[in-house]
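Next come two complexes built around chain A: one with chain B, the other with chain C.
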Partner chain A sequence: MFGSMAESTGILEGLLHPSLYVKTAWGVMAFLALISYLGTRKMERVPRGLQNILEMAVEGLYNFIGGIVGEKKAPKYFPFIATFFLFILISNYIGLLPFAGHEGPYVPPTSTISVTAALAIIVFLATQFFGIAEKGLGYFKHFITPFIFMLPLNILEQLVRPLSLSMRLYGNIYGHELVVGTFMGLVPMLIPVVFNLLGVLTGAIQAVVFTLLTSSYIGEAVHDDHH
Partner chain B sequence: MSLVAGLIAIGAGIAVGFGAIGSGIGQGIAAGKAFEAMARQPEVRGTVQTFLIIALAFMETLTIYGLVIAFMLLNKMS
Partner chain C sequence: MHFDWSDFIWTIINFFVLLFILKTLLYKPVLKTIEDRKKSIEESLEKAARAQEEAERIKAEYDGMIARAREEAREIIAKAQKTAQAEKEEIIATAQREAQALLADAKATIAQEKEKALRELRQEIGNLAVLAAGKILNRAVTLEDHQKLVDEFLNEVKM
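And now, the complex of A and B:
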């Protein structure tokens, strides 16, 4: 099932011999950590170079997420949501590097359902946790509004969210990889470049869509009813 | 190749093909309306463009669901 899940074995086996996806995910994390370290090592009042780029990215993300979650809640939930965006964006862009592929030295971690499902489940659990932490038992009130009859539907809606989140990301990235691979087999020159250009767009849009949905779910869960 | 494999292949084709019809129509309508809005009021171009791309990504997802189903079906075949 799901093509790329063929080598699923025991947990111990997975820990001892991590798959290419896991290794690439570690690479992405190391890259993000390194960039953050280098960018913030010698911080200046007037930013230059890498610090300037990072500040621009963080500020843009903050405005985007703050606009959805709400200005008041934004500082608390921004790091969590922005990390998803950065990780997914860099992961998607791994596929644009030369030699990337399912047998190659690296592969986009988001092109397997296991990674995207893990991300979506984290979002699901975090949404419930933040909701309860923010509002206590009052969080469960929105499950039974407007009527108690809506309870099954609301629960179903919550459970469908991680499914659609993970399927969307996995399908888009894996589908794109497949299209590029197919055309690479048909025409090895020039034509795949067009699809890779499309991949730049797809990778960014899917990262934005995942972040948008995550922030709207969390924003909805922690939203104040008083105003 | 058995009859079952053939039926699975047809099913995979239908999953993507029919899924594409709906999102194609939806994307066409959305893009047309966005262009109308841009033509009428060129200064909102940037905002409309951003929201248009996000909306198109959501519509495209419906076809992608069909694609995922098609992958699953094709894996059943071998």
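And now, the complex of A and C:
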């Protein structure tokens, strides 16, 4: 996993020739950008159509995230956390499109550990960053509560979080893809439909879980102690 | 489970690009619209509440005015009735007083007339009596005697 010289040139090569995951991720981003652009092009006081849907989605997401990180911190951290949700949700649903897969024209970006690990690492670093930015050195106080002996355990907990975040998301989406692919090979009719319906659930649930955990990590890091 | 560093790095770049895109195109305009709408609804509700309050205040004012007007009307009528009553009594009293006065006047005049008549009658009767007595006595009674006799007679009559 960790690079030798040969691997470093491989990374550069990879960056110049992005994989299907990265290309699909661009597609996801383009889709989100297009929807956002169309829905907010001319905002009206009385919302209709796409604007209405976007408003419902943003407001719902805002209330969900605000409910976890707290009303006061919500405006500051909402864009960051919501972006995870939208990217992961649409990425997961790429798997529901026909012909999705490693050989297909597109593949869910979240079905590779490389992508989910990157997302989880962003969450990890951002949590520490927001915590320090919000509380300064006081942020580290919660590492030694209730006792100083808890320090190793608390550090371990922080380090395990990105691992579990990335593994959970990757495992669910990749696993689902694998199952659908296998059954598609065995029984191409009906059974894949059932699994795709399950995929709708899994895709949403995993996006929600990732968002929920991210919100709670950030919420915990920036939480006001003095009430 | 294959780990690809270029996918990893691209994902980090992608995330921040997407964060920027969504912030500009989605979160900011939508949240601003929602906030603006919330404000405008709050303003409308406040305005409605104020209008309601104003209407209630005006209604109370008019109710008060109507009540006061009714009260005033009642007072005016009562006063008018009282005045009319007093006037009526005064008119009647004046009329009675005048009638009394006229009656008293008439009575006084009658009494005076009666007295005068009586006096004249007595004088006449006295004169006649003296004249008759003079005829009977066949001689003229002197003026002195005459008056004496009349006076005596009158005294008797008065008795």
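The rule we apply is simple: the second predicted complex is superposed on the first by the 218 of 227 C-alpha atoms of A that agree within 3 Å, B and C clash if a C-alpha of one lies under 4 Å from a C-alpha of the other, contacts with A are read in each partner's own complex, and residues count from 1 in each chain.
The working rule: a contact is a pair of C-beta atoms (placed from the backbone, for glycine too) under 8 Å apart; a residue touches a chain by one contact, two chains touch by 3 or more.
Please read all numbers here as calculations on a predicted model, not as lab measurements.
Chemist: Looking at the combined model built on chain A, do chain B and chain C fit side by side or clash?
Modeler: Overlaying the two structures gives chain B and chain C room side by side.
Chemist: Could you tell me if A:62 is touching chain B, chain C, both of them or neither one (first, second, both, neither)?
Modeler: After superposition on chain A, A:62 lies in contact with chain C alone.
Chemist: Tell me which partner A:214 touches in the superposition: chain B (first), chain C (second), both or neither.
Modeler: Once the two structures are laid over each other on A, A:214 reaches no partner at all.
Chemist: Applying the document's definition of touch, where does A:206 land relative to chain B and chain C: first, second, both, or neither?
Modeler: After superposition on chain A, A:206 lies in contact with chain B alone.
Chemist: Of the partners chain B and chain C, which touch A:24 in the superposed model: first, second, both, neither?
Modeler: neither
Chemist: Here's one for you: vertex at chain A, rays to chain B and chain C, all C-alpha centres; what's the angle to the nearest 10 degrees?
Modeler: If I round to tens, I get 110 degrees.
Chemist: Now for A:175: first (chain B), second (chain C), both, or neither, which partner does it touch?
Modeler: first
Chemist: Does chain C touch more residues of chain A than chain B does, or is it the other way round?
Modeler: It is C that touches the greater number of chain A residues.
Chemist: One more residue to check, A:78. First (chain B), second (chain C), both or neither?
Modeler: In the superposition, A:78 contacts chain C only.
Chemist: Touching A:127 in the superposition: chain B (first), chain C (second), both, neither?
Modeler: Neither partner.
Chemist: Once the two structures sit on chain A together, report how near the CA atoms of chain B get to those of chain C, whole Å.
Modeler: Chain B and chain C, overlaid via chain A, are at closest 6 Å apart by C-alpha.
Chemist: Please identify the positions on chain A that touch both chain B and chain C, taking each partner from its own complex.
Modeler: Shared contact residues on chain A (touching chain B in one complex, chain C in the other): 1, 3.
Chemist: Quick one: in the complex, what on chain C touches chain A?
Modeler: 1-12, 14-15, 17-19, 21-23, 25-27, 29-34, 36-37, 40
Chemist: Name, in rising order, each residue of chain B that touches chain A in their complex.
Modeler: Contacts found on chain B: 53-54, 57-58, 60-61, 64-65, 67-68, 71-72, 75.
Chemist: Considering only the defined contacts, which chain A positions touch chain C in the complex?
Modeler: Result: residues 1, 3, 7, 10-15, 18-19, 21-22, 25-26, 29, 32-33, 36-37, 39-40, 43, 45, 47, 51, 54-55, 58-59, 62, 75, 78-80, 82-84, 86-87, 109, 112-115, 117-119, 121-122 of chain A touch chain C.
Chemist: Across the complex, what residues on chain A touch chain B?
Modeler: On the chain A side, the touching residues are 1-3, 164, 167-168, 170-172, 174-175, 205-206, 208-209, 212.
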